[in-house]
Amino acid sequence: MIAEQTLTEHYYRVRLHSEAICRGLETEDYVVQPVADVSPPKWHLGHTTWFWETFVLVPNVPNYRIFHEDFSFVFNSYYETVGKRVLRTDRGNMSRPTVAGVYAYRAYVDEQMSRYLDTTELSPDLYALIELGLNHEQQHQELLITDIKYILGHNPLLPSIAMPVHEHQAQRSGQPILIDEGVYTVGYQAPDGHKAGLFHFDNEEGSHKVYLNKTTLAGNLVTNEEYLAFINSGGYQNFRYWLSDGWAWVKSNTIQAPLYWHQVDGEWWQYTFDGLKPVDLEAPVCHVSHYEADAYARWKGQRLPTEFEWEVAAVHSGAQQFNWGLRWEWTNSAYLPYPGFITAEGAVGEYNGKFMSGQMVLRGASVATPEGHSRPTYRNFFQSDKRWQFTGIRLVTQ
Amino acid sequence: MIAEQTLTEHYYRVRLHSEAICRGLETEDYVVQPVADVSPPKWHLGHTTWFWETFVLVPNVPNYRIFHEDFSFVFNSYYETVGKRVLRTDRGNMSRPTVAGVYAYRAYVDEQMSRYLDTTELSPDLYALIELGLNHEQQHQELLITDIKYILGHNPLLPSIAMPVHEHQAQRSGQPILIDEGVYTVGYQAPDGHKAGLFHFDNEEGSHKVYLNKTTLAGNLVTNEEYLAFINSGGYQNFRYWLSDGWAWVKSNTIQAPLYWHQVDGEWWQYTFDGLKPVDLEAPVCHVSHYEADAYARWKGQRLPTEFEWEVAAVHSGAQQFNWGLRWEWTNSAYLPYPGFITAEGAVGEYNGKFMSGQMVLRGASVATPEGHSRPTYRNFFQSDKRWQFTGIRLVTQ
Amino acid sequence: MIAEQTLTEHYYRVRLHSEAICRGLETEDYVVQPVADVSPPKWHLGHTTWFWETFVLVPNVPNYRIFHEDFSFVFNSYYETVGKRVLRTDRGNMSRPTVAGVYAYRAYVDEQMSRYLDTTELSPDLYALIELGLNHEQQHQELLITDIKYILGHNPLLPSIAMPVHEHQAQRSGQPILIDEGVYTVGYQAPDGHKAGLFHFDNEEGSHKVYLNKTTLAGNLVTNEEYLAFINSGGYQNFRYWLSDGWAWVKSNTIQAPLYWHQVDGEWWQYTFDGLKPVDLEAPVCHVSHYEADAYARWKGQRLPTEFEWEVAAVHSGAQQFNWGLRWEWTNSAYLPYPGFITAEGAVGEYNGKFMSGQMVLRGASVATPEGHSRPTYRNFFQSDKRWQFTGIRLVTQ
Amino acid sequence: MIAEQTLTEHYYRVRLHSEAICRGLETEDYVVQPVADVSPPKWHLGHTTWFWETFVLVPNVPNYRIFHEDFSFVFNSYYETVGKRVLRTDRGNMSRPTVAGVYAYRAYVDEQMSRYLDTTELSPDLYALIELGLNHEQQHQELLITDIKYILGHNPLLPSIAMPVHEHQAQRSGQPILIDEGVYTVGYQAPDGHKAGLFHFDNEEGSHKVYLNKTTLAGNLVTNEEYLAFINSGGYQNFRYWLSDGWAWVKSNTIQAPLYWHQVDGEWWQYTFDGLKPVDLEAPVCHVSHYEADAYARWKGQRLPTEFEWEVAAVHSGAQQFNWGLRWEWTNSAYLPYPGFITAEGAVGEYNGKFMSGQMVLRGASVATPEGHSRPTYRNFFQSDKRWQFTGIRLVTQ
């Protein structure tokens, strides 16, 4: 829980970090959308601002004047409730509002928010809403980083850019984590003395018991060197290692290596924020899909952990030992509701529940995750073919 | 376990049932494939026969002469390992082999199988393989029924046909099933005195413990009358009830009712094997997707059971009371491996494991399931948008 | 013009020829539709019958009882005016009506037509309508042949079938045709003494003058041997020979040879009604698209004729000399209306005019064209990528 | 022919006009590509510059240093000959090179070009190449205007922008043009005293004779008011007026009016460079496809002219009388080669010939066409469904 006296300060710190991520961008980089999954950086900056305006300022500040009616339309991600406009368009086709306009929007809303936060005694509900807004913005900070990487990594010039992320740091040496058979409690639980608990998302609430078999999780993530052995042994050519859907994905997209890898004259290179670099053999493999993670595990005769095995390992071992945080780690758990999960009313309620279908859970955090944003109970989720996030592989070894 | 002395008899009973299902078909009905999910009846009859020839006769009968080389190619569903032929084609484009040719293939293989079974002392492995073949054929019997319904139900003449299935029997009155909180064992377990156990699929093996919260499952399936209330209240028009993917499916396919329902002059009719009939209000709703089942549950403020809640309810209550078997019941569990699941080697190993991605589990059985084929631990699975099977809805009421 | 006394006889001759084409088919062959361009043979037999019932019998025979209401719906190709039914379906998904049902439909309508023709003094309009119906049926006879070839030629068993067509007869030795510069009259003209003229389609009416430059047309069609030289010189790999759309077609469909050609162990084979046969080097190349015909011509440094060059050559030389009739010959003329072309009122008016967009004209006739059906002014037309008709190439050599 | 002493001047005038068109753009507007037909303005500015560098400077200026190797790759439209790069991408995904980079590229090439033109005695071939380059740039100037309109007209903010184009000027009153039956010469002919002729494209060369019937062309283009009558009479709902492909286009795209028209509260508005404005009833209708032009003509019981009727009318009447230049006028001629057309060798040869398939000819010019760029023999061409150019309708009235 954020100390109340510093809330404005904390608000600014988060807000400025979004802009810091974009510091190295050219105006043009803010605008494009190479694939549907990736949003233009401009859109992330506008959308997070729209959240503050729509959910905090408009309902709570008397006589609040919205910055511009069009911005509400353009930066709304909840299209289902809108639909009154004549024109539909894709985010990546919208040259207007301009980048400068978006920054003006941010400045205006930040000014209003700071005035509001400085002068208001927040109710617990409003306080919770502001925490949600900050965490929402942090989620978009990670997407900003991954989307910028996608945009520049698919530009034929493969430009480098200053970005506050150490993509390819090697991992500390971890220790295998042994889980004993038995009943464990999973899901978010308030720490002692915190009645309401610290911030967490609705999808990790619903603390409940699960029964786990005896298991050992690897202390380290799979490295590029290890993954290269899979490639070199023909892993992408042999259907036996692949889920049926995964094999169809490999064939129809002619997948041959992780995203951003390019083979030039027999050598493997990867696009990074520093441009094209030789693949670093010691770094944990990155930008693999769930299909690839699963196929790698089968090739090794092993498997991916479930999300609860991962959580128990993370909670019951020191972070030092378990060594998580460099890559979002694919689990073999589908993203489904915990017992008692209820979708909140209203637009905020669309947050997590409606995506509980067809996606797999990732646990941990990545080099692109804002500091303090994740925790052992955090549930990230993507479809099995997605790999533009900083995703990696941890195996169950026994 | 089938009494050994009657194995040939049992083989014939299963084989003849496949043909009995097709008795009312015209030759033309055997050939078409309106959508990729549906296979031509001819293909089912050939493919099940190919199984016996390829996995039993060829490896075990000395000097066995295969019926026809082309049939091996055409009726093989394991395309990954074949691929030697010049020409690719879809099942629904293949007028040859003819229906008469397929029946001749069946007769030839049955003759060979019966001679083999009558004269051979089966090893436990071969016995298990034959049980697998019989269960494989039973699975295709259910698909034959659902595929024939799809083919005729999408013909503008909406023809009726004699079919050994009571599609719309009303359910007996069931009782809510209360599950206490605690640890339960799920998955297939051999009954006392059966060391190897009775037949079951690899995906239900791996008996293991799960922890369940206190839950009550409805004693009855949702009826057409109840489902109609959802339709009439605008359920298909309100995105709030739908998973995100489900809503996209509703919109892009303009879904407005279960499959086979047609609104004529304000009244709802449904296609049945007896032709177009008024929707029977008391019968359990049928041919709904997981998306629809989930949306219905949300609209009621309730939810679908997990596959383990279902299994525990089925095992710990009498079948009488729980009243399952009319519809495959959508659960809210993704189809994933049990602890310790290992994919078997070879082509038979492709059976279940490679589909453990992107599908939801259904439990129970339907009016189209062959007698004795299902059991409380049986795991059926389909993608969330599929609804040509006889699928229904059971709610968790508390 | 058909001698009036023999009209019934002529009607029967045409009708029976449709059935003769299908004599070698299995019931299953009548039903499938591998691609949208190809109709199931059953549909052709029903549709041509529907024409007689709808346009001749229903409006002219008092108290005529239609054979079956459903058949009118199923065999109608003019879907725009119908649309009242609940259910849409594709021709290739319809197992019903059965083949036997379609033959019964034909027998019923033929019986009614023969009674009508025998007992009625036909007005000139009705006489013209019947001629149109006979020519319509002849067009479908050619489609029956090409569609059957496609269905069997895309079956992995590559079955042979008895078919009254000499696919690969070699051409007689022809002579180059020289056209002098000047004004020529093209389009259908009634022969002397025929005031109304003989039968012809609306699209060839509108006799008019064109100005042609001096030109020489080849006396022979391009042979398989000549076309093979194009293949072997890398013609399908070099974009310089191809129209932009043609090159996109080659790439996205990985086209490497004419339709039905298969390379087996370095040798070229082609599917024929007699099964897979080595490519006959002397026969005229067949089953090429307009794109391929155009690319071949460019590779030779030559070009395709316009439809008017072709017509003038055909009219002003003996058929012997010009040697047409084995292949429909792609011209480089777009299918557009002649001066004064007017679309007739009503459903019959949909016949030709609405297709005058995006298609190229073919002139001549093929081995699959019914005897007497074509003439030098006849305009056939298909999109540039189509090649399941018996299409070939004639060059302008100067 | 441009007076030789002013060639540098003329070069600069054309080059600066490209930049003048973009003067009102925001940086973001240069980058996006809402549909494949539309290129980002940045690309047009780079591509035209690449033409000068690649075809004039590199082969002719000793020791010329290209501006940047990547630009050659990115701004090359002749992708067939390149393909050496690892990465494929779409124009609209490329944020780099930046707009500033493209302007620097232009400045560098212009500087080099001016030095070259000032110091070199041009051979006739080089002179012709420079004229081609200038006309090429003018074609892209018109595309710049139409693409900018598309980009802004599909932005939900519908922004206005300063643009040197009078989109909606009313037409002067024209006179019907009567063409007598007979032989006419069409295609480009050098004026007396010009042996080589003035600049013209390869596709209008090959002056030749055609025979025309007696015809009258309308003196005026169809107005918005006239077109509105077609809309209001249900023109978009009645398949009888439409070509088969046109009707499929209407249905699958739910077309209901010309591009940029929006119906708001029963009134028709259209997007213009001045933002959303009421439809001006007197202005000629704009942004219609060939399908719409053809359907309108049929609805009127009339037809579109052929390209030769149009050319003869334009040549044999005063421009005053015939009144062309406001809209590109759809003809009913397919875009095909003139007699004797030969595709030039090399990359410049790809200019026009390879597009002679599947497109219709438009004649005249539009408000967006650079002054002096068009002429009565000019052949513009687009597919029948395209309508983002300033296209309009002239009818043949008799």
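By letter and in written order, the chains are A, B, C and D; residue numbering begins at 1 in each of them.
Following the convention adopted for this analysis, contacts are C-beta pairs under 8 Å (C-beta built on N, C-alpha and C of every residue); 3 or more make two chains touch, one makes a residue touch a chain.
A quick note: this is a predicted structure, and the numbers were derived from the prediction, not measured.
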Review point. Just curious, how far off is chain D from chain C if you go by their C-alpha centres, in Å?
Key: 37
Check your understanding: Which whole number of Å gives the spacing of the CA centres of chain B and chain D?
Key -> 58
Revision key, fill the gap. Taking each chain's mean CA coordinate, chain B and chain C are separated, in whole Å, by 46
Practice item. Give the residues of chain D that touch two or more other chains, as numbers and ranges in rising order. Key: none
Review point. Which word fits how the chains touch one another: line, ring, star, complete or other?
Key: ring
**Study point:** Complete list of chain pairs which touch one another
**Key:** A-B, A-D, B-C, C-D
Revision key, fill the gap. Residue set of chain D touching chain C in the complex reads 80, 183, 208-211, 213, 239, 242-247, 290-291, 294, 298, 303, 332-334, 336-337, 339-340, 343, 354-358, 384
Check your understanding: Which positions of chain A touch chain D when the two form their complex?
Key -> 26-34, 42, 70, 73-74, 85-87, 89-90, 92-99, 151-152, 154-159, 262, 264
